[in-house]
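Next come two complexes built around chain A: one with chain B, the other with chain C.
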Partner chain A sequence: MDRFFDAVFLGLSSGAIYALVALGLVVVFRGTGHLNFAAGEMATFSAYIVWVVTTWTLFGDSALPLWLATIGGMVFGFALGAATEVFIVSPLSKKSPLAVFVALIAILLGINAIDSGRWGPPPSEEIDSLFPNDPDDFVRLFGAVWRWEDIGTLIVTLAASALLFLLFAKTKIGLAMRAVASNPDSSKLVGVPTKLVLAGSWGLSGALAALAGVMVAGSQAQVTPTMMFTIFVYASAAATLGGLDSPIGAVVGGLSIGVVENLAAEFAPGWVGQEMKLSVALLCIFVVLFVKPSGLFGTEKVERV
Partner chain B sequence: MSLLEVEGLRAGYGPVNVLHHINLSVEPGEIVVILGANGAGKTTTMRAISGTIPREGTITFDGDDISSNSPEHIVRLGIAQVPQGRGTFPELSVEDNLRIGAYTRKDGEVGLDIDLWYETFPRLSERRGQRAGSLSGGEQQMLAVARALMSRPKLLLCDEPSLGLAPLITRELFKIIADLNSRWSIAVLLVEQNANLALHIAHRVYLLETGRIVASGDAQSIANDDSLRKAYLGY
Partner chain C sequence: MPVKVHWGSPGHWAIRLVWLAATIAVVVYIPTRTQPGTINDMTTALELAAVAMALNLVMGYGGLISLGHSAYFGLGAYTMAVLVDHYGWTQGWTLYIAAVFGFVVGCLTSLPALRLKGVYLALTSIALAVLFPQLVKWQKLEWLTDGARGIDDLQYDEIPVWPILGELDGRRGRAVWMYWLAVIVAVLSYLVCRGIVKSRVGRSLVAIRDNETAAAVMGVNRARTQTIVYGLSAAMTAVAGALFGIGLNGVNPDLRYFTLIGSITFVVIMVIGGGATLWGPIVGAFLYVLVESRTRKWGADSSGVVGALFGWLNSSPATLILAVVFIVLMFVAPFGIVGLLKRLAAKVIVIVPNPAGTRSNVPPVEEGLDPSIDEPFLSASPEETP
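Moving on to the complex of A and B:
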């Protein structure tokens, strides 16, 4: 059983990162119907910014604390996301959805080139974890090792999703975001500033990505240009599995993908192992989507004909 | 002073001009109906007034020149539009549809208004938690009207509310619009193809043909003018 809980917990903590990035994808998809292919690179870029900020010494001799730099990084991520919407996605989507897709891929490659050119090659950009991560920073529960860093990641993700849920369900801004997603033309007619709402959705997505980026970088103790590549693949799979318009779906999708891949790798090391675990997760997604095309928690289009 | 004064309005889509020099007005508390066939420019007129398409000419509302204002600003000034094809938010619940209708308001009485319109439209009250997309056409039209009223407008624009509705439902809807007008003195500008029913509730009528106003007058005289009726209303 120890092995089981070890694998489950490892899955939950890596799944929490997928979930956080997936949440950002869902926020954007709900608002504009686009999948933000550049989300992973926005995360990496913001993590580099956080690293740069932590190297500054502002108050006397002491460096800026990481948590403060992380908040700064999230503000930067917000600006990056909002600017992407205002200057690229919004003008292009009037022409063609395919143009937006190409532009987002271009942003992905562009940011990656900047990262590699400016800061690479690794290892150089060392960064601390937001949570205690010395070798002895763990507790034992059900015989399994629960590292503080992993618990912290999990708590941050759950808190972020709870806040998002409240935002969408309880606030006027959230209502406006849902309205713009449902019917942009009518949103204008009831006085919702749709452009501002869309920029805000992309900004929120960028801020979530930045937070995920800092946690990923912290877990590997440095920022690297390619650190978000596979995580983005997992996150987009998680968002699809949960239903692209459902924040709860993104969290459940992310966590379950993390758990399934780690259980598969742990208990079928011979034919799954570390290399094949993504395939197992993707196979599960295929089965789910075959049965329920809108995803686990996604909204099925209701339309009376 | 007229509540709404439109002078020399021209509007269209891209290079195509649909409206040529439209003049019309709506007095406070009045129901004005614009009648016209398909393609006459009824919807374009509505969109030009609510600011959702580019337009030329002067539009004055309640003393303010709104000719170049954004739709958001025009709603805030007190014009609410019920767009053609209802324009409800299908994925949102009935109650959320009403809430978003009050987006421009900052007072604390939104809940009171929701209750008020639930009384006026009891079917909506029964379905308050249901998604708008699952309502029948008639219910959706009622929801679209109630949603527009949530902004507490001085002028309600209705774009062909009878479209796709059974005659009985249309009659009920028009009766409600007439009641709203007499009870709350909300002015109404309504465009319709369905001349017969619309003439019943109208105070004044404009006839629109291929982007031009070809006749106007009070509802009674238009209804009684045989030549106009035969030429433009087809009955």
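Moving on to the complex of A and C:
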């Protein structure tokens, strides 16, 4: 049973990262109907910015604390996302959806080129974790090792989704976001500042990505230009699994993908192992989508003929 | 006022002949007058053009987003490499097997497209692109694919001496030989695409893309049409992939065209050239390779404008420049370069189509020569990508 709980918990904590990025994807998809292909790279870029900020010194020689730098990184991620919407996505989506796709890919390539050009070559950009992560920072529950770092990641994700839920359900901004998602033209007519709301959703997506980026970088103790590639694939898979327009779906999707792949890797080492984890996750999604084409929690699109 | 030219009139034929002559001139110019490096780049461009044309069938005309074509490309290359290395085949014959494999796998992987729509479909096709390199590296398949090492140093036969093509010795000889093979594959791909687009299958495909329900009501068999087109597209991609593998004389799972990056590249090429146009993918592929091969040479220590603009990068600014070019292009020509040129050309020359059912009344059309729609640059209304 130890192995079981170990795998489950490991899965939950890696799934939390997927869920966080997936939440960002869902927020954007609900608003504009586009998939933010550049989300992973935005996360990496923001993580680099956080790293840069932590190297600044404050009042003499004390460095800026990481949590403060992380907030700075999230603000940067927000600005990056919002700028993408205002300057690229919004003007292009009037012309052609495929053009938006190519532009987002171009942003992905461009940010990656900047990251690897500016910071890619050694020495590596070392960064601390947001949570205690010394070898003995863990508790034992159900006989499994629960590392503080993983617990922290999980808590941050759950907190972020709770806040997002409150935002959507209880605030005026959230109401505006839901209105724009459900019918942009009508909401414009009743006076919702559609452009601002859309820029806000992209910004939110960027900020969530930035948070995920810092946690990923922290867990591997350094920022690398390609660290979010696979995570982006997982996150998009998680968002698809949960249904692209459902924030709850993104969280459930992310966590369950994390758990399933880790269980598979743990209990079928010969067939799955570490290399084939992603494939297992993707195959699961394949099966789920075959049964439910719009994901677990997604709304089915009904078309009037 | 634009000049009006009727379908199949002598003027129309003159335009077509000039266009054909210009194309042939470029195709012949490249291997006879340029350096082997350039010839190799152009070979890659032709292979990418073939893939982009195949992708265009599915995505441009079919409206089914596919980010999984790198898997078919890799499948073709691996089919070639495994047959040559493990089973001692001659490289040329493996192209046919690659086509067959591509077709079968393409038909099978088109099944999700029957059930999923839009972004969901795009995301499942990403799964295909991600799965392929992982499957190739999978330890259970190592006996076949040689895992992460890949298969290299393939045996190949001496190039047959064919004097028309000029000197065929050494490095240049092999480059020229590969170039002509790529020309053949690209021309065949073009003809297949053209055939499909102008046939019943192609019309059905566009009808499904534009309004699925209406198409079904009109008697279009959606499942059959989409599956066949997916299969053909995958087969064409696999052949191009096999040719790519022959050119490299080996394969390995981390080659960028076999991964998700490859799929993305194919889509970008198709879109910047012009989706749902016959010439778009070709133009896109050449543009991509030209920009890429030019900027690749600029190192981190470039001087002049490049150095001033990108001096803060520690590596070559090629990718960054490419990204900027893509974004600018999408603003200038959201329907691709060919889409833009078609719109501009429509201001100068308009090809007036014949009213339905009057083909036989138009004098210069000869027996068996179908007046065709959408000659490059010249049709009256550019088709739009979905």
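By definition in this document, the second predicted complex is superposed on the first by the 299 of 305 C-alpha atoms of A that agree within 3 Å, B and C clash if a C-alpha of one lies under 4 Å from a C-alpha of the other, contacts with A are read in each partner's own complex, and residues count from 1 in each chain.
The criterion applied here is as follows: a residue touches a chain if its C-beta (ideal position, glycine included) is under 8 Å from a C-beta of that chain, and two chains touch if they have at least 3 such contacts.
Just so it is clear, the structure is predicted and the values come from calculations on it, not from any experiment.
Trainee: I want to verify the contact counts: of chain B and chain C, which reaches more residues of chain A?
Mentor: Touching more of chain A: C.
Trainee: Is A:Phe290 contacted by the first partner chain B, the second partner chain C, both or neither?
Mentor: Touch status of A:Phe290: second partner only.
Trainee: For A:Met276, decide between first (touching chain B), second (touching chain C), both and neither.
Mentor: Second partner only.
Trainee: Touch test for A:Asn183: chain B only (first), chain C only (second), both, or neither?
Mentor: first
Trainee: Quick check for you: in the superposed arrangement, does A:Pro135 touch first (chain B), second (chain C), both or neither?
Mentor: neither
Trainee: With the two structures laid over each other on chain A, which partner does A:Val233 touch: chain B (first), chain C (second), both, or neither?
Mentor: Touch partner of A:Val233: chain C, not chain B.
Trainee: So which positions on chain A get touched by both chain B and chain C?
Mentor: Common interface on chain A, chain B vs chain C: 301, 303.
Trainee: Going by the contact rule set out above, which residues of chain A touch chain B in the complex?
Mentor: Touch residues, chain A against chain B: 172, 175-176, 178-179, 181-183, 185-193, 299, 301-304.
Trainee: Taking the complex as given, what residues does chain A use to touch chain C?
Mentor: Where chain A meets chain C, its residues are 29, 33, 35, 88, 91-92, 95-103, 105-107, 109-110, 112-114, 116-118, 120-121, 233, 236-237, 239-240, 244, 271, 273, 275-276, 278-279, 282-283, 285-286, 289-290, 293-295, 301, 303, 305.
Trainee: Using the touch definition from the top, list the residues of chain C that touch chain A in their complex.
Mentor: Within the complex, chain C touches chain A at residues 112, 115-117, 119-120, 122-124, 126-127, 130-131, 134-135, 137-140, 213, 260, 264, 267-268, 271-272, 275, 300, 310, 312-320, 322-324, 326-327, 330-331, 334-335, 384-386.
Trainee: Residues of chain B touching chain A in their complex?
Mentor: 50, 52, 71-72, 75-76, 80-81, 83, 87-92, 96, 99-101, 103-104, 131, 133-137, 147, 151
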